[in-house]
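Reviewing the structure listed below.
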Amino acid sequence: MKLTVKVWRQGTPADDGRFETRTVNDLEPSLSVLEMLDKMNDDIVKEGGDPVTFESDCREGICGACGILVNRRPHGPTPLTPACHQRLSSFNDGETVTIEPFRSGAYPVVKDLMVERSALVDVMDAGGHVQVAAGTAPDADTDRITYDTAELALDFAACIGCGACVAACPNGSANLYLGAKLAHLSMLPIPASERGMRADVMLAEADERFGPCSLHGECALVCPANIPLVAISYVNKERMRCALRGKND
Amino acid sequence: MAQETVKKPPVRTLPREGRVTGADDILLERGRIGKAGGRIERVRPSNWSLKVTAAMTGVLLALFVTIHMVGNLKVYSGPESFNAYAHWLRVVGDPLLPEMGLLWIVRIVMGTALILHIWSTLLVRYRGFKLRGGGSKARLHGGSFISRLMLTTGLILMVFVVFHILDLTTGQANSDFQAPTATDSFAYENLINSFSNPLFASIYMVSMVALAFHLVHGLWVLATDLGVTALRTRTVWKAVAHLVALVVALVNLSIPAAVLMGVVS
Amino acid sequence: MKFGWKKKTPAASPTGQARHSAGTPANGVGKERLSRASRRKGAPKVRQGMLLDSREPGGPADEAWSRAKKDYRLVGTSNRRKFTIIVVGTGLAGAGSAATLADLGYNVISVTYHDAPRRAHSVAAQGGINAARAKKVDNDSVSRFVKDTVKGGDFRGREREAFRLAEVSAGVIDHLNAIGVPFAREYGGSLNTRSFGGVQVSRTYYTRGQTGQQLQVAAASDLARQVNAGRVKQYVRHEMVDLVVEDGRAQGVIVRNLLTGELKPLLGHAVVLATGGYGNIYYRSTLAKNSNASAAWRAHRRGAHMAMPSFIQFHPTALPISTEWQSKTILMSESLRNDGRIWVPKEPGDSRPANDIPEGERDYYLERKYPAFGNLTPRDVASRAAKDVIDAGHGVGPLKNSVYLDFRDAIARLGRDEIAARYGNLFHMYDDATGEDPYTVPMRIAPGAHFTMGGLWTDYQLMTSIPGLFAAGEAGFGYHGANRLGANSLLSACVDGWFTIPNTVPDYLAGHLGKPVISEDSPAVTEALESSYSRFDRLLGIEGQTPPRDYHRRLGEVLYKGCGVTRSAEGLIAAIAKIRQIRSEFYEDLLIAGPVDRVNQELEYAGRVEDYLQLAEMLCVDAYDRDESCGAHFRVEHQTSGGEAKRDDESWAKISAWESRGWSDEPVFTRHTEPLEYEAVPLEVRDYR
């Protein structure tokens, strides 16, 4: 099959950027959008041009490195699926597809489709961790964590850190990502021992970088890890809990 | 063909001193572009406190419109009953409180709530607008249809409240307005006067549609802002939110409609 | 300098009694060894090197680690901040060591080429992590773990290291649990386990099919805590391109800032490489696209020996390549083989759709060849059998390179719902990855390069042959011998990261108290920096017509064919010739597109492919040189009548550690050896039947 691709080109963060239109031939519906970009880059390179920069790594939906807007939708047309698993079969032969970098106030464009998502890392650096020195942990079997709690914690822990939620959000909010981490760690006994402090600093860091949430609910429609919308509730729950108790735990 | 298009640029070498236009050098040294992590500069008031303010004031406002709606139902039991109710509002609390004492307390509380509500929600939307990033985003359909209308419906409500007070409380907007006296209220007559004017009636009706939308999402987002995570509570609350919003708006809407159709006069 | 590590530097630990006297030249050192095999025309020439000392503690094997720790020297708490340690890689091994060393009080510089530490390839592991916690009454124990690991590795790994792995494993699970890994639990609240191939007990801890992800995110958060505390200086989007060796010790690395293109030195008292495996050398593998061999290979070029680089595990249930532009072979869980039946058409080249091929014309070759085990034969056997039928022209799929894994009978027997309950998420993943529905058409699978048992040679302290250079995780070669047991590699990366490195690096550092970090203008730094600049400038100056991917793709084909699931002397000789051919074309016609003063993924790729093209030759030389079959290294010349790998313990119960020289021309390879001894697990023939 063949696609016309309108792809965003931007040399440096300071550039304005523009769309470039190319045709990519000899595609298979089973290829992913990223593989289509690989092929397009091969064409560009062989013509002596500058290939389109985009990020990806595992190509199996777990590392969170990939992320582009396909027809203005984070990752692509198939809901809850990362870009590396978005198949060309979603498009018709000959269709025009627009490909852009993730858009958000927190994501400056580095080059072409590659954006800087370090704001997500900074939020984790601030408080998304647990203060336990290696070797000092108690026996993991002595903490009885019920089956359901462990499963629920895992539902939230599944976030792959792709940042698509922010790109989808009309407010540029990272509350789905933030809430997923706060929820996950609040459910496990040892990590929960600093949940108040964690909520405080993570939110403070996030406030600097991301917008607030108005519950538009779009984040949960694109999240490749299928983080449920209720994750958002944990943001204020954990923060209010901290404010009301005035304690670190 | 391919050979021809390959333009051989002058021999390239790696830059000895790297620089990226539009990026902070100190961060670039560590491989990053954009804002530093580092020390947290707290944004004040924080987003969560704004949201909690919006939610708390939203609760008050929603309670007010619900109770007000119940009072408005008295329209259907005739002028005496409605006027008596309006009068009662002014004297309730007597003799403990001076005349209109409780009314003023409510006015002050609700006025503050409304101001806080408007302030917090507008600030929330402004911050979101600033950080959403360039480019237009596709509209997905995550219930965001109503949520995106919050600002519009909110502004309609703001204008409505001002208009409504000028119309039925202070009377500047209502040419035949009869101010209440120490012993009597003419709320019923004022209301019929106002709603008999199709323009006024339709302003009310449009506003009530806005109110329905605003409440549907407003009451739902409340649960999230107040940190309700239990799935069953959330499901029940969502249903309640829709129900309350519809009932309040429909009952209110029925009054101008009834006046227009002559059912109440 | 080459053998500097053997000179008893003040840093050398007095640990234990060396079981082999250090630096004894083996017979005929420096001479080309002309074995029967290497008399062939075009055969690689291999020089005999030294006998290496693993510096394992003496005494009973099962107490080795506690004895070693007892003897390690310490650095006092107030002196620790005077040391800077560079940790390259933020996978489980890298993040674990960086975080723990920082927590102990050392200055740590952490480097990764990813934009965030959490993206390291450990994130992709699915199955689980082993631990010899031995809580259940299935009679698991540390010694049983060691036995399984040593046997699983076909007796080509160190027994004492396996003991360390087993001993520390319980602590690894406890730590991970404490820092937020939501391990699967029983209803009663205790940890749940599953059972993995090659063992008879249930000791694999897991979190659904995303164990690696949960471990990696926890590891990255452990690192984040130290970054936040200012004890770790985190460099992201920086790729290590060279090692700085001064005074015979590793004292820094040269990194390239991937955003600006420039190179710069990062200097410290010790360097830890936790840079993962190099399975991507096969072009298509189950690894992430950016995983590469560069850090390890550049360290090798500076004098670190490579141990048994040809020991590579091929996974039988990887997704096959269906089109030229498909980028990788995604891994599917082995558990699918419990209910799926593997077959190919009897007629070679049969191109009918699978469901149109009648029962009588299908060859269920595993069931036919191995009636006892059928579809559940061990990984390496299944991979080899698949390769056999594919090579014989029975392969299916558009490129005729895969075999069917068919659930038709299982669905008929158990019903679609039951199959969905058992494998629903895997089927979904398959559908995601291929766009085909495995409920109605059979899955297609093929062997894919998966895990590299080989890597930088290290002693028991994880120190390479360059003093001060440590290797941890998959970048090293430890623990797994010639074949890695499922779920043991996450464990080894964690053990190295959180527990081994934090004990052994201080032992090394204790001997260097008071020494400053070398200065940026010291000759070694300038030399390394300049040689890296000129290396890249040379690549940029080629200005040919062929992008790096094309060379990589060709290299992958050569390796899969010549040094893949099975190897033969002729095949390897032919492969070496082809690799050299590709290499010379690479230096003549390489095209690096795009500007150099900003992100340039073509340039990144070109550097990696250059390294692959060199390492690939060493891979083949090692595979050729090791004239036996063991574990995943299957030389067709050496097999039992049942088609099993036939070891030659007489000559090959030893580790080969390679040194190479003369890359600008024709490289010369020297094999150093380290004999292997087994006390607790006596040598025996691996047999799972």
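We call the chains A, B and C, going by the order they appear; numbering starts again at 1 in every chain.
Quick note on the criterion: a contact is a pair of C-beta atoms (placed from the backbone, for glycine too) under 8 Å apart; a residue touches a chain by one contact, two chains touch by 3 or more.
What you see is a predicted model, and the numbers here were worked out from it, not measured in a lab.
With centres computed from CA atoms alone, A is the chain lying nearest the middle of all the protein shown.
Interface comparison, A-B versus B-C: the higher count of C-beta contacts falls to A-B. Between the CA-based centres of subunit A and subunit C the separation comes to 28 Å, rounded to the whole angstrom. Distance between subunit A and subunit B, defined via averaged C-alpha coordinates, is recorded as 30 Å.
For this pair, subunit B with subunit C, the centres built from the Cα atoms lie 58 Å apart. In subunit A, 12, 46, 48, 110, 116, 118, 121, 125-126 are the positions where the chain touches two or more neighbouring chains simultaneously. Across the assembly, subunit C contributes residues 115, 236, 259, 545, 591, 598 that each touch 2 or more other chains. Chain contacts: subunit B has residues 2, 6, 20, 23, 32-33 touching two or more partner chains.
Within the complex formed with subunit C, the residues of subunit B that make contact are 2-3, 6, 8, 11-20, 23, 28-33.
Here subunit B touches subunit A in the complex through residues 2, 5-7, 20-23, 32-35, 37, 40-43, 46-48, 50-52, 124-125, 127-144, 147-148, 150, 217, 220-221, 223-229, 231, 234, going by the rule given at the top. By the touch criterion stated above, subunit C contacts subunit A in their complex at residues 96, 99-100, 103, 114-119, 121, 123-124, 133, 135, 171, 173-180, 182-191, 207-208, 210, 212-214, 217, 220-222, 224-225, 227-228, 236, 259, 288-290, 322-323, 325-328, 330-331, 429, 432-436, 498-499, 502, 545, 547, 549, 591, 593-595, 598-602. For subunit C in complex with subunit B, the touching residues are 115, 233-238, 256-263, 533, 536-537, 540-541, 543, 545, 591, 596-598. Listing the residues of subunit A that touch subunit B in their complex gives 12-15, 46-48, 69, 71-73, 100, 102-108, 110, 116, 118-119, 121-122, 125-126, 167-173, 183, 201, 203-222, 229-230, 232-241.
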